[in-house]
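Heads up, the next two complexes both have chain A, just with different partners, chain B and then chain C.
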Partner chain A sequence: MIEYLLFATFIGLLFHGIHRKVIARVQGRPGPPIWQEILHTLKFSFKETWIPKTASQTLFVAVVFVAIGIWSGALFILLSGGSLLLLFAVYLLHKIVEHGMGLSSGSPYGKFGAIRSVISAASELPLLATVAVIYLFTGSLSIADIAAYQQVHGPLLILAFPAAAAMYLVILSKMHYGPFSIIEAKEIVSGNMTEHFGVWRAGLEVGFALKTYVLLYAFVLLFIGPLPLGLALLLMLLVLISLSFVCAVTPMLSPYDTVTIQSLVTGALVIYIIVLGVVMG
Partner chain B sequence: MKKQTALIAGLAAGGIGVAAGILAAAGYLPVWAAEILAVVTFPAFVIFIALWWNAKSGEEDIPFIGY
Partner chain C sequence: MFNLPTTNIGGQELFVLEFGDIVAYFSPYTTALFVFALIFTALAIVSRPEKQMDIAFGGDAYYAKVVDPELMRFQRFMAIACGLATLGAMVTGDVFNFTLFASLVGITNIGIVAAYRNRHVLNAAFQYGIVAMLATVPLFGGAAIVVASTGTLSMWELFTGAVAVPLIAKAFLVLGVMGEGMAPFYVAKAEITRAQGAPFILMVHVSSLLLFLRVAEIVISM
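Right, the complex of A and B next:
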């Protein structure tokens, strides 16, 4: 089990490196090597580590453990075909990690990041709407049932394209250097991660690598169906590259614009759900 | 944290996680229990191993602090 977590961490970090490389190439820069984020994580783990004097010590350290723990749990939920609501719960817990990371540090930049994380809670709305659409089609919230439904009826990517687009927006909201990455914007240094350095940052990088792996895998599993690992990884890579293109050509939005766009997408999806309810019901 | 303490904690966490996986594969432990153990031990394994190789061994050069 730990070996699969290590594998997912390695692939997640590699994906982060590919993400940076694609963004750089689209923008006409050479960019770092694709294994840069693996080296980055190792580098942080060797850096001097301490807890700032102004930090809430317990929360400052605990969020790192929680970040890795919740996405490890999410990976097992996906692999075991558990409930989609549990995956949704993990996504909400990640929001608590974002808040806790920024608020525990005592740094004004960290606190700004945490407050922006509260504002960007709108990114959870498209996920909620996605869950509702999937339930309307499959009649179940079990990932195993959803996968089985797709084997009979075809991929939900075609049957419920608006839900797939909303889930794509959810993943885009969590990508580094994306239009919605307001919590780690450069005008607030590194936002809620500003004070987490050394081993703590290395731990967070591991957690975020697992998060990227889980979200991409969830997209493939929920909208294309169960596939052999190699093929699933290839499709995850294609989804990632498309996300990198979006991140490369889109400037970072202002905090309120991110909420507006995410709310508009949710609104459109709610109309789709109502129409779907009338047509199917 | 002392270097040796971090190593012991990291190895213990990793050992428990690996043992849980092996026991689940052999049918001596329910898979869900092994998964919970992996979720709890993996963060501890990552952090304590990093703290172990990060910790000073006490044999470093004394930095030059000026005349």
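Right, the complex of A and C next:
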């Protein structure tokens, strides 16, 4: 498990680098090398580290460990074919990390980021609707059962395309430099991450790399099915590049517009669920 | 006696903890939620609040807010009470006990926020209090419909396929939890989270998300 955790962290950081590179190329800039985020993490690991005088010190440090802990747990759930509901729980608990990260520093920019993270709680609604659709089709919330269902009936990407689109929006909501990245917008410096630097930032980068890996892998596993690792990685990369294109060509939305779009998508999915419920009896 | 149906979506039952007629059960799902609540309750116990820096708009000035020890003590007390109620709600095996814990979370959440003496925060806390009070009607109403229609509040009975719980009862439970957990206020009244005392304010967020996760498990399993 430890070696897989390191592998997922490495791939997640590489994906972050590729994400930046694709955005830059689409926007006509050279962009950083794709291993830039790996270098960043290593650099932060050896930089001088302290805790701001104004911070709630214990919480300031604890959220970093919680971020790594919950996404390591999520990776374990995914690999062991555990409960999809538990994966959904981890996604929700990540919101607490974002909130705690911003509030604990005492910085006004961190605080604004934390408040925006609270506002963007609407990003969880499409995921909940996705879970409901998957349950309607497969009759189970076990990831192993869902994978087995797809081996018999074909990928859910085709059978339940609206749910896959909603899940895609969920992942997009968590991507850096995307239309929904309001919590780390540049008008509030780096938002809730403003005061976390040095080894704390390196820890957060590791947690976020795991998050990206888990979300992309979950998308492939839940909507395409169990695949050999190499093929799964290739599909994850394709999904990532498509997300990077969206991020590159879409301006950042205002906080309340993000809520509107996510709520509208959830509403559309609820209508789909009702229709599905009627059709499937 | 206490064996959850194997189809339970929270996973296989690991063990039960009996306190008289109050029985808590631990499945992988409830255990994960319980551990998370425990971590943040511990953080509320050991953490000191941050010293918020505020910018005076229109200039370069900024000022640091002072931490009031009295306020900190009260918020910490409420946050710990909120954590304990959340812990109970995560593992209880009884629908009525779940609603009791949920309403206790609502009360303590009001306490955490309303302790802070700021007009905007107090306004938000007052409005939240009204919603939390209103939410007790569907919350306890949902539990009442469950017992009236099935004759039991025990999750061991309700999670079996033999017992059919009306959809309206499930909807009421979700609605009640949303009100108690201040979920609608996340978007509409986000300034509620601007109050000082990050480890304690965070407990509001933790408890409401965990309550939502638990009620999702309960209504899907019933």
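Rule of thumb we're sticking to: the second predicted complex is superposed on the first by the 281 of 281 C-alpha atoms of A that agree within 3 Å, B and C clash if a C-alpha of one lies under 4 Å from a C-alpha of the other, contacts with A are read in each partner's own complex, and residues count from 1 in each chain.
Here is the rule we use: a contact is a pair of C-beta atoms (placed from the backbone, for glycine too) under 8 Å apart; a residue touches a chain by one contact, two chains touch by 3 or more.
Fair warning: this is a prediction, and the values are worked out from it, not measured in the lab.
Steric overlap between chain B and chain C is absent once the structures are superposed on chain A; the two fit side by side. Contacts of A:V189 after superposition: neither chain B nor chain C is touched.
Here chain B and chain C are compared by how many residues of chain A each touches, and C touches more. Of the two partner chains, chain B is the only one that A:V206 touches; chain C does not reach it.
Of the two partner chains placed by the overlay, neither chain B nor chain C lies in contact with A:L227. Of the two partner chains placed by superposition, chain B and chain C are both touched by A:G73.
Of the two partner chains, chain C is the only one that A:T54 touches; chain B does not reach it. When the shared chain is aligned, chain B comes close enough to touch A:E3, but chain C does not.
In the overlay built on the shared chain, the residue A:S105 is in contact with chain C alone; chain B does not reach it.
Between chain B and chain C, an angle of 90 degrees opens at the CA centre of chain A in the superposed model, to the nearest 10.
Shared-chain residue A:L136: touches no atom of chain B or chain C.
Closest approach of chain B to chain C, taken over C-alpha atoms in the A-based superposition, is 10 Å. Overlap of the chain B and chain C interfaces on chain A: residues 66, 73.
Looking at the complex, you find that chain C touches chain A at residues 9-11, 28-29, 32-33, 36, 39-40, 43, 46-55, 62, 64, 183, 186-187, 190-191, 193-194, 198-199, 201-202, 205-206, 209, 212-213, 216-217, 220.
Chain A meets chain B in the complex at residues 1-3, 5, 45-49, 64-69, 72-73, 76, 80, 198-199, 202-203, 206-207. Interface residues of chain B facing chain A in the complex, by the touch rule stated above, are 14, 17-18, 20-21, 24, 31-32, 34-35, 38-47, 50-51, 53-54. By the touch criterion stated above, chain A contacts chain C in their complex at residues 53-60, 62, 66, 70, 73, 82-83, 85-86, 88-89, 92-93, 95-96, 99-100, 103-108, 111, 114-115, 118-119, 121-122, 128, 135, 140-141, 259.
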